[in-house]
Structures are given as C-alpha cells and as structure tokens.
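In what comes next, chain A is part of two complexes: it sits with chain B in the first one and with chain C in the second one.
Coming up: the complex of A and B.
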C-alpha cells in the first residue's frame, strides 16, 4: 500500500521544490550497506581503547594497579589520572549564572561518583586485546554512602557528591512574575499535586565512537567522532586537552542517531586524543551498549510540585511550580541550562496565566550526568502544564478541551513574551486544537466513553497542546543565560563550472535528511533541481565555522543560512549573465537553463555562466571572480512551534494493561520543507514520547547500577500514527519555518497520561506517574478504591 | 610492549555477498565482529552485541540471523548476504526501492538489519498483513522512524513484488 497523502492537513501544493515530498538523496548508500559510520573507519596503524569503569556509585580509591594490564599481549599504553600532572576536566559550556559547575575529570582521581565513570584506559592492538587487558586492572575501592534521587540529595544529612561543596545544589532558577499567594487566595479554586518526569536513556542505535589520529610530523590531529556538532566538538576537545584548535580537524561522517547526547564531549574523546598524541598512532574507541547506558548522558529526571488556582470556569489565575532536577554526578555540557531555562521559561505553555512563580533546583547525585534528550526541557515543561490543565478540568468537572480554549493566548496577544520569559512568535491555538479534535472524533469518543463506562470498560482521551522553542540563538540571549555557544549557522553555496552547486552547511544530519531538504531550499533560489546540488556537512576543514544540529534548529537557522547564501549566489549569476550578454540585468530573461533577452538572439546557458565566473576571463571587478557566497545566518529570535495531540486509550481494569487505540498529532511548525521527511520526524518523536509515557525508565537500580535493558519501543508496540499540520508561518526567519524534530517527544507523554487519568478519574485515580506500567495502573486503582466519583 | 599474538585462530571460509572469502578467526569472535573486522564487511552494524537490537541481521543461507548471536567459526562454508548484496536479489531490490519511496530510514544505522529481516519475511510470506510485518520485525530496533514508514515500505515492497509476479 502507498503511504497516506503527505499533504494531509493544510499544506498547499508547492510552487517550487520547497514543500514537495522529495525522496531522500542520501538513501542510496545507506540502503546498500555503504554508510560510513565512525566504527567503519579503520586507519593504518590503528590501535584500540578500552576503559576501566567504576562498579560503585560512590567510592574512594588510592591505587589503580595497571602492571598486569601493561604486560598483557598487544598492549601499548595504560593511562590513569596519575599520568597527568594537570588532570584535564570536561567542562560544561552552558553554565547558568550563579551555578556551581563541576566538570568530569577525564579519568577519575581518587574518587568515583557514578557507576560507569572511567578510571583507566588500556590501548592495544585490537579491541579484544584492550578489553582483555582492561579486565586485569585492579582498583582498591572503598565504597561510600551514595544518593541517587534528587529529593534525597536535598537534605542536610545527604551524602555530598562533591566534597568541596556545602550541599548538592548545582544551580537554582526562579523565573516568573510573582504574586502567586495573592492571586491564589483570591481565586475560588485551588489544587496541589506532584508528578515525576522520569529519567530516560536516549539510546541511539549507534553508540558513541571516536577515532583520534595525531600525526607527530605535522602536529595535526584528526578526530572522527559520531557527533551532532562537529565544530563545537573541535572547540570542546581543544579546550579540554589544550590542543591548538587550528590544528585539530573533526570529521563526523554518517551518524547513527543523536537525540541530544552526541552533542557533548565526554571523557573518552579527550582520552583517545591524548593517547594518540603519546603513541603517534590512531586510537579508536567504540562505545559498547553497556557503556552507553551509564556514561552517555541521560535525559529528563524532574520531580515537580504544582500549586494552581483558577476560577470555577477553569480560567487559570495563578501557578506555582517547584522542581527538583537530578543532573547526575557532574555538570554535563548543557546540564545546568536544560532543566532550568528550557523548563522554567515554558511551563506556562500556550496559556495566559496572571501570576506565575517557578523554583527549580538542580541537584548533584551519584548517577550518570543528565543533559539534553529530544525536547530537552520542553517536554518537562509541556508535561507539567498540560497535566495541570487536565487536573483543573477534572476537579472542576469541566471538559479539558474547553478549559484549554478558555485559557489560550489569542491571536491578538501574539507575538508575546510570557512572564516566565518564553517568546511566542506565532500561534493559532483554537484552530489547531479544533483540527485535532475533529480528526480524533472527540465528541463521538466522549459518547463512546460514557457507554463503555456503563459496561464497566475504561476508555480515556487525552489532549496535549504543547508549545516549545526552536532555533537557538540569537547569541546575545545565549550570553545572558550563560550558554557559551554560537546562535548562528553557516552555509556556503558554491557553483561549479558545470552548472551544479555545492552547499556546505554547519548543521549536521544524524538522520534528519539535510542533504535533501537543504538541496530543496537551495534549488528554489538557484533555479536548478535538487539532484544537481551536493550538500556537504560534518568536516571542519571544508565547512565554514558552524554550530550544529540540536534544538530543532537545522531548518529554521541552518536552512535559512542556505536560503540567504543561495539567494546571493543567484543574484550574482543574474548580474554576470546580463554582463556577458551585454544587457541590463532588468532585461535578462531566464527560461529553464537558458539566459537571453528580447533585445537580441544571443543566449547563454546556466552552465556557461558558471563556467565564465570561474575562469574569470570576462568578469567585471564589482562582481568578482567565481560564484560563491557564505552566510553566517544569525536569527533575531527563536520560534515557538506548537501542536495539538490527542491520545485515545483503553485500560484493562483487571490487568492494568493500557492499549493505545489512536494517536492524532496536528503540529504547526510553520513552513514545511519536505512533508515526507517532516512526517518521519514527527513519527520518531512520537515513538520516543510514547516510550517515555508507557515503558521507559532510566533510573538506576537501588545499588546505583544502570538499567541495562531500558524498554525501547519495538515494532509491534506502537499504533499507526495519524499526523497532519496546520501552517502558521514564523516571521523569525526567511523560510517561515519553526522546527519540528522534537514535537512528538514533547506532545506524547502528556497526551497519553492525560488519557489514562481521564479513563480512571471516575474510579478515583487522581495521579499516575510515567511509565504507565500495568503494575502502576493497578496500584493506582487499588489505592483509589472507594474514592470513585 | 608484548607483541605476542592472541589466542589460537582458525581459518574460516565464507561466501559474503557472492564472493568467497577466508580469514583467521579467534574462536570467540562473534560473526558480526568477524564480518566487520576480519572480512571488512561493514554493512551489518553493532548496536548491542547481545541479540537485542538486530542492527547486525544478515541472511545466512537465505535466512535472517542476528550476527551477534553466533560465532564466526560456526558460519564456516556458509553463504552470507549483507545489505551490500541485497540489491542482487529480487526481494532485496524491491525493499530498497520501497524504503526510499516511503522514507523508511533516517540515520540508516538499523537499516541493513531491518532489510535483512524484512527479506526473510517476504521470502516466507509474500502478502503479509500489517500485524505480520510488525511481528516479524519486532527483533529489530529503530529509534528514528517510529516504524510506521518501515511498515509502509515493507507492505509496498510486497505489493510491488506481487504485481511483478502477476505481470
């Protein structure tokens, strides 16, 4: 069967390449097993690294004995912290003002603070030899008391994660406009509840990998890294190990999924680079899954308390949210910004709330560091406000859809800066919600639900009307919040003499399909087809300085850079063609590949103009030789994509099993570049969001060890998704795009949990925490016995 | 440094994507490690090395197997088809075309295994239902697509193969 119409929703038939469901240009090699991921690259003289890791969440040690390992067959080098006079640390690059950053030492010195923390490395002739030898390293651990949960980390008697700190508080953040107590006491309705946004293991199918190749003769180093931000990786490695950045090259080839964790630098990249410098040979490390679940960053992990006041009709009057965020044992690169800025600014969602107070504390614990994971803070924000809306609606006996409508920001209030600081650039919330409810058959489902209840069956419907924020910069704002990273993106567009083009982009695809979407964007500007455009990413020596792919910024920022640069090239082509034909630019007519004019029969082909530009034989001085333009596109504001998601569930009251009957997602990401690829992004996000709602939990075991088998959704666990778009273009960038990569992961958890609570409210269930396992649902039903409405 | 070799090795002959190959394998080498590191066949990927993710799935004498769940030495004399050789089969070519048409892949890391597993399904069952596709591929994890476009692709490939057969 054919895929459903990708233009479902209100996508207009496109005029150019942008908006068309073009098949991906990068698929061929990936489908024939010819993808080139970091582990596929083996260099002459290749050596391999294996790390010795802590089995304890907290222990001190005085000796790391590497003698036996050093003597093992094939071993070239063992390193521990004591091999470094000035032990490098991996520093965060988003440091919230007034926070207390503690970066990861590249190898633990005297103390380990989470299970999986690397202590030593063995470099050997083969990966197997390195692992064999790593088994021989002896460490005299002395286990110490540890703390895993943020609420336990708060108390005075809690074991301290960093002994030089007075407590475990890494950062605090308190946005809002105040006035909660006054507004709440004046309101007729008030309720309090708490919820958890559990820890998740991101679990890209390709684990992390690095191959560090230092050339002693040139004193240059090439790092192949599976990474989302090659230029940032170059800077971060250079900063960490003190290597001149201009002699460091990062190549990120095909990357097997990112989802956030592949935008940081960890201990292993630094250690492999330093080992390669000592040995003069390339050193490769490919993370094993058992390492990935404990040393690569986790996501989410907030414990939240909500206090909300409203009128009897559900109009919100005041909101207070307290959150304790578990950021793990060290501050990861964005570890203080994600749980604060990315949560606190967005907890008001798409609603008008007169008085808002937010208090977020970030806490160190003896767990793996927590950082960005698909959505990165906005899922937590959407989850808390969307759960709150439903809570208010149910307690007041109102329809959750209607309560949303009563509180929506209206079109005449937008653009708007919310009291928490969130910038809302565009929104037609009534329109999008109506579209989603229509598709979901909301009224009909409510009738079926009532009938089902008569029979003792439990049906529920849940809505999430999220908003988020995509396309970080601008840089000035990043500076205010301590985010030491660029807010621009680069694009260089170069014509070749045969009338083809190369687009160099500082973004980097790890599955999103930039090779296709960026070619579509450039194609419309240049007037050639996308298959004549080559998109190059992921090599710091060919691509102009860039920032990279995260925060759904590739299209709104990276794509805008491509559009601007390609537009300038097109202008120069036009001027040069006119010059070569000796006519005024206004008189130039282009028909397909041919330039001409009404004034004469002289014509030139598109390729001839490109050829002439690069010979430079007859190019006027003011046009200059060649056809190449570079744009560092710097947005003036971020955009606020949004969407209305609806989940329908059936719960078996005997077994506690939840069946996801339907999932309807209507997203508004502004201009859609490629509907087929956009839908793929929504689907992938939904799978991760549904995984969080129903199955996944990355919280370590009670002994601090990491869960090895986090239940990532499998093929038979997900329904067919029903997706569509409303299109409200953003004014924040020339494409009118807003970003879509994280939408599904943001909308799905609240939609599904709201549906589950909707199914069980009349049985007295008021709260349910993710993941909604049968055991949890049964326990909630048990606890609620006798409390039914 | 001690450059002594590792444990004893055995010469193992395989046919990989139609080419006869031989390499010296350690007894402990998983088939996927052997394929990638000893025979240079990097189409099958490693996502877990414990049978969980299916990224290493290849066809062993036409049957899909997870190449991390057997030893290289166990494959002596047998024929292995990876994603690099799938274009040579009728079903493989149809699957590859359908994955492209339906956007059945994003990062591409799980794709070689997904194709091999789907190949096994269509070999056994030329007209699978949606549910049969989901069941047959449940051993292959994908974290990018949410599976729906892969489902579309496998159903489209099955349909195009049936049409070609009927013509």
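Coming up: the complex of A and C.
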C-alpha cells in the first residue's frame, strides 16, 4: 500500500533546505495585489501606443492614410512602414541550417500576411485616445488568396506567403539512421496512420506589455518588458532597431506567466522603442486579449503520418515519421527550431528502435507565427511516439504497458544518444512505469473495464511514458543547429555585512518561484536560512549577463549556477573566518552561526566574518575584499527528464462526452529542490496538457480570422491530480536536477488520447484527433458503426 | 477596457430612463451589463448613449398579493437565486446554481438576462418554462406581456420594468439540466422543465438561436411520459440549431434530444407509482 502523501515516491527526507516543501516566499506580495507588472508602471510624460492591424489573412495595399488619426485629439505620432528608410525586421533567433528565414517587418509594407499583423501605430496621450485614433487610419486593402493549412501550403498551386520564394517551405529536417524500408519489409507487422497536433493559443494571465523610455539627453533607453529573457530581449531589441546594446536597459518586473511566447521580440517592442526615440517620451503598449490571440505566437500545429513496423510481440523494428509543421506567416524567433530539432530528435521517446527515418517540413501559411509553447516540440514528439506504441499494441492485441516494457531502453544502455540525435542522460523506465501503474491500479482497472464493457459502458486507460530534454545544453550544440543563444546561465552571490545574501540570477521567474528555490539552493551552500537570502532577477543592469527562463532550464542550469557561485562564496567565508581566527581552514569548526576551533576559545559569528570581508580591514590579498562570486554555469549536456503518466477516462457512448476520472503523474526530474513547487509545476503543465487533449483549438477560422473563444482549462474542469516522483539524478549538473516545468504539458495529451482510444477500440474507433470534443468522439463512433465495426 | 466613446446618463426614474432612451437613436440600456460590457469592450457595440438604470429604482423582489414572484429590473441573479432557494422557487434556485459564475451572478440581472435572451442563456429558459410575464414601459405606456410573446415582438425603445413568475407553478415538479460549453460556460444544451396539470412545459437554451419553448416536444411528452429518442428527435426537427467548433449544431441537437429523454425519464421515476 503506497502512502497517500502527495510528495511521496522517492523523495528522501531532506538534510538541508534543498528537498523541503518550503512555501513560496514571493506569494504574499503577489496574492495581495502588490505585484508590480509592466502595465502598473506609468512614467512621467507617459504616452500610449495603439496598433492598426490587418483584418485580412492576405492582402496588398498601397496607401495607409493616417491624416485623420494624426489630427485626432491627443495624438502625438502616427507611424507606418513608409516612415522608415530602412524598415527594421524582427529576425529569428534560431535559424535552422539551410532554412529560408523571413522575419516580421515591424510594420507591414505593402502586404499583410495574417490577420492581426500590425500596419500602423498611433501614439497618444492616453490609451483611449490612441485606440480611438487608430480606428481612423484607413488602408486600401486588396485581398488576395490565402492558405491556412500546411497540407494546402505544400501544393504547387498554393498561394505563396512570401512572393520572393518558389514555394512555402521554410525549413526541412531529416534526422534518423535510415534503413526503414529494409527493416520494415523484414518485420511481420506494419501499420500506417496519421494524426494532428493541433494549433494552440498560449494564454498568460498577464498579456505582453512594453514601456519604452528613451532619454534624449543621455541617449540611453530603458525598456520595461513582460519577458522571460531580459538579456536576450535587450540584445534582440538592440539588433532589431540598431540601438547600442550598452545603452539599453531591460527591466522585466513581475511577469504573469510566459509559457514560451514571452521569450521573443515582436513588432510592438521595436515600434514602441523607435517611437520613444522620436518623441523623447515614454511609450507604453499593453496587449489586449484579442491582440494576444492574433499577434502573440501560437504553439504546435503539426500534421504527422506514421509508418511503423514491429514483431508480433510488439518489439519495434522500424519507424518512419513525416511531419508537416505550420509555422505561420513569418519565421518567429525559434520558429524553425521548435518543429524540427525539438520534435525530430525526440520522436523515439524512451524506446530502442533499430531503424528510424524522420522527414519534417516547416511551411509558411497566412496565419499568426508559431513558436515555442510549454514543451515546445517535445509534446509533439511525445505524442507521436506514445500514440504509436498504443496503436501497435491495440492492433496486435497486446497490452500497451507491456509493449512499452518490451521496447524500453534499459539502464545499461544509458547514457545514450538516440539515432535521431537526442541525448538521454538518465532513465529507469521500467521502474517509473511500474510505480505509475501500481498507483493507478492498472490491473484492477483492466478488470473493471472488462466488466464495464459487459454493461455497455466505455472505460479507458492510457499511458504516456515521455522523455524530453531540458536546459538547452552546451553552446557548441546550439551553434551546430543554428540557435544563436547561450546554453549557460549566470548567478552572482553576494553576502552583505549583516550575514545575509543576495542572489542575482540570469534566470527570470514568470511564476515558477525562483525566489524560493534559488534561496533554498544558496541556503544549503551558505549555511543560512532561505529567508536571509534575497533573489534578484529581471534587470539587465543589476544581474550578470544571463540567458533566461525557458526549456525547463531554471533549476538545472540557473540553479546550478547559484549552487556553484554560493559554494565559492561559502569557501571564501570559511577561509576568511579561519584567517580572522588565526587558524588553519581545516581546523575551523562551524556550529550554527558561530565559527571557532578546538584550539582556542576565540569565536566569530557568521555575520562578523561577512562584515569583515566588506570592511577589508584584515583581509589577505589572496582572498580579496568582499564576498561575491559570479558563475556562468555551462552544462556539459542537456538533461532528459522523463515520466510515466496514466489517465483513466469514461466515455458516454450516446453523447460522446469524456470524463477524466483519474490522472496519475509519476515524474522523474532527478533531484527535487522543492516538492511543493515541483507539484505546482506538474499541476500547471497538466492543466495545459489536458486543455490541449480535451478542449483547445487555436486554428484560425476558415476566413483566416483568429478564433476568440478557444476554451482555456480552468480549475473546475480538472480532476484532482495524483502526483509522485521517482528520483534518478542527472550527472549533467551539480544539483543532479532535471527540468520539470513542461512535463505535464508533454505527458497529458498522449495519455488522455490513448485512454480515449482504449475505451473505444473495441467499438472500431482507431484514431481520434485533439481536442476530444464530444462531437468528435461521437462522429468517430458513428463512423466506426457505419463501417460495421 | 476601452470602448468607443459614448454619452452616459443615469436617470432617477424609469420614466426618465425611457425618455433618455427615446431621445437618442443609438441608445442602449445598462442594468447588470454582462451582455453590453462585453460588446462594448470589443467595440462590437458602439452606442451613442448608455442609459444606466442604477438610479432608477426597480429593485423590487417580493411575492405579491396573489402569490406571484415579482422581480425588478435591477435585481441581480445572485440576489434572486438566494431568495428563491430560501423561499421555495425551485427551478430558479437551481438555475441560480448553474448560470454563469459567482461574478456574473453578482452583477448580472435576471431581467437583463431575459431581455438579452442570449442563445445559451439559462434564466430565459427557466422563465419560458415557468410562463413568466414581463411588464414593459414604452412610448405607448405600460403593458404586461407573456415573456414568450415579448421575445417575438420587442422592437421599439422600451424598458422591462419587472418580470413576474406565476404563483400557480411554484409547487409544481420542476428542474433544470445543463450541459456547459467548455470555453465560455454558456449552455450548449439545457432544458428547463415545469410539470403542469396540462402537461409538461419545456424550454431549451444553448442549442438554438435563442432560448425557446419546445411545444412539439411537450406534445410528445404529454402523449407519453417517457418518450423514446426518435420521437423526441422528430419533435426537434423543425427547429434551427446553432453551433460552433467546440459543439457543432448537429451535436447540440443530439445532445438536447438526449437531455430531454433523460430528464423526462428521471422526472417520471420520481413520480409516485
């Protein structure tokens, strides 16, 4: 009998602060409305921006008439593309080799390529005045044929999104070790099917926002941006508008959710900065939710076909995957890397497959650009392989859990680089699956399922055993794949004279709880409690050059930087204390806050040592004044978290309605810094993953307009999650940690769809595409009935 | 929220509010605002004048001398729901638990919901099943209309001063079942049912262009307490169904038919044998 403790699993009783379920130190301020977000910041002389956006998915235009808008009350400036001699473009930050990048013009020039693309901006005294005046801007649109879906974008007759290209193919990627045809022809079983990983619209509670403040006197600019990567934002804005990076300061204050889209630069940030430069006054823009839907990047949107061969016992022999990714009208920041590298490398999941071929094409379409969204490629990869395993199992009449076991990479095969290129640092897959199945009562459920079928009821159980990769990894690998971004993270740890500490981190929390977890990590190194540690993030002028928060990298990379820097500070404290006590460092004894030795009764408090360091009165030259260390931690490899998720569903055969009965998530993120926050990460990811599986659909309407009422998962739509951990530490970083932030979003879609198909397979349903709306399930049942199943 | 500019008035009587409404050819009424504010926010509604009823009284909520429940135009949904739960108006109390969410119920008004008659509106279905009446003030003076007739006829500038629920159905067997839209919480198929001496009164919302009585289904249900699905489906065939990507029209129709069947079966099972 397993304990009910939600932190259960293999979490050891912690010796120090790491591993403890410390409540979030930042929450009181945030929960009492005292958070400070970009829109809360109003500067002296504040002006406001409103954008004029395309109502057409594809149109050409020759004139943008801003005369009436310019004359409207309170308006200071109207800008269109014609106001720029050399129109800046927001360039992608990850350009896959041999791809054809087309960045976004900061204001459309002569042609619009998706609904919502900015054409003009109005800067006025108030947000209301700007919005009213923006409605007065007239554009002589001439609508043109458009293409929304990737399947249609490939055709010879498809409208071209970029007229200077021969086709709509933005990038191709073909990982794998080949040999599919030979291996497949030798295998006794082979099946083909296709699936979709639908487009999603990421919704943060706080929309994007920017407040650009250029000071003409100093020729310096400060940008307040709701962003995940403050230093990257500084670089990308500087590159886009040609502004000296050393005079540009980015401050990201409290950020209300990111999920990927807040790690890019868009047109609005560049336009507000340029407008502020022209006006010498701060210019603020806060995204409306309807703008969030049309101009902030979307996620997913893959159409995939699978060809798989296996032995009769389910042992996989060959896998071929063809994926067509819709990347929207322009190549967004990471738009060519997410659907290729982040999908193609990981399509083998946790399995050994002798022959694998993957063919991925990224297509431009007349839709909003697609980029990273929680999981960013790994959900798509996990979905395709986990759906494939179940498909093989069902067609062969085998237990999906057993088919997984027969194909798992074993511990003696790990570390391993998969033929597709994925690096797997750690994994005890049998162990984690067994843990999840036991918690789920798998065998009992199968018996109940059989009994339920006798009564005509439809129960299903679905497994997803995902793996992914976190941390972004070593820089040389990023260079190889065209990702113009560092793989390191920074931390500076500074003691203050009163024995407290400040941790400056290049990571940036947008809800994760770094203030708590980083304090716990530093606390163990320094030997003080977390409440004596202040964590500072989000200001490029106080934090050492960092990379930022994405790819579940904050703990394994950012946290490791904190650990290393704090460890070095602790070492200096130790040496200084010994020096001040005139003893050898190895003779120094620390008991709580007091340093001493067996050799004498002389003692010093921890705070006294810190004080002495900053006076520098009696500090030896080799230690130097102060107590401060900076670390740019660069991981040796990416870590590969994994987990086994199990969903149990009931489907009403008459209505098509699906009830998610239970959801069990056993994740292995290595060392868990804070079980409470880890659970929060899993819960949030699960909500989004379940949202994708059951409700969400961000594909534009048939006329190209953006969908405004895609469902968003809410608390009352979700079951009580049952979470646990297995702990297999990673050797890729000193914490032994692997990321966890995206696990739920990766595991939930395949687990739930597998469960739904498990419930309906005997009724003849073979495939269901997300979201599993009741109408879609009912249509599948009808179709199966129609085919005499 | 930045709506398009409009003039604003908050007259101190219903008469003055009507006068303001008639004085402008593009004026709208504001009570709780849960239909109007959304439209204003998206600039789908661009009124020249917003006439706010906040100072116009109309807060009456009581059982009148003949036992009818009288609900003024400014009575919020939550206030009504609490009253009905306390005083015993079962179907309205039940709708009060299922309509919108706490924030919507706290601001939205019952009469406003009847006037808006949104496709997925819960209160309107309940009012139709209960045979609600509405007292309307217009340029022609005051008159009382059956709510179903009001929905067919409303055109000229007017104010619904109050709605009333007939006393005779207060103790009748009744209930409300609802299937929610995952995105917006509105009903995608719901059924209000009041069992009268003459047979069931059924009203649906969510699946149709607006909430309405299901007279053809009532006839089927009168003929057979527990009609089968084909009979119900046939009775729905003359209606026009609406839908969206999450819940297409065809599915809503099937869902409503199942809802009717199951609801009537449940009600039948409750009746003493």
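A few points about this structure:
The definition used in the following text is that the second predicted complex is superposed on the first by the 779 of 789 C-alpha atoms of A that agree within 3 Å, B and C clash if a C-alpha of one lies under 4 Å from a C-alpha of the other, contacts with A are read in each partner's own complex, and residues count from 1 in each chain.
FYI, contacts are C-beta pairs under 8 Å (C-beta built on N, C-alpha and C of every residue); 3 or more make two chains touch, one makes a residue touch a chain.
Since we're looking at a predicted model, the values are computed, not measured.
By the touch criterion defined above, A:680 reaches chain B but does not reach chain C.
By the touch criterion stated above, A:697 is placed in contact with chain C alone, chain B being left untouched. Once chain A of one complex is fitted onto chain A of the other, the partner contacts of A:668 are absent, as it touches neither chain B nor chain C. In the superposed model, more residues of chain A are touched by B than by the other of chain B and chain C. In the superposition on chain A, contact of A:512 is made with chain B only, not with chain C. When the shared chain is aligned, no partner comes close enough to touch A:525: not chain B, not chain C. Of the two partner chains, neither chain B nor chain C is touched by A:628.
Legend: residue contacts after superposition of the two complexes on their common chain; A:37 is shown touching chain B, with no touch to chain C.
Of the two partner chains placed by superposition, A:291 touches none, neither chain B nor chain C.
When the two complexes are overlaid on their common chain A, residue A:773 makes contact with chain C while staying clear of chain B. Overlap of the chain B and chain C interfaces on chain A comprises residues 127-128, 132, 709, 712.
Those residues of chain A that touch chain C in the complex are listed here as 127-128, 131-132, 135, 290, 654-657, 694-695, 697, 707, 709-712, 717, 771, 773-775, 778. Across the complex, chain A is touched by residues 2, 4-5, 42-43, 179, 181-184, 244-248, 250-251, 254-255, 258 of chain C. Residues 1-3, 23-24, 27-28, 30-35, 37, 39-40, 42, 71-76, 125-129, 132, 203-207, 254-259, 286, 288-289, 510-513, 676-677, 679-680, 683-688, 709, 712-716, 718, 720-721, 744 of chain A touch chain B in their complex. Residues 1-6, 26, 28, 36-37, 41-50, 52-53, 55, 82-84, 86-87, 96, 99-103, 105-112, 115, 130-131, 133-135, 137-152, 155-156, 159 of chain B are the ones that touch chain A when the two sit in their complex.
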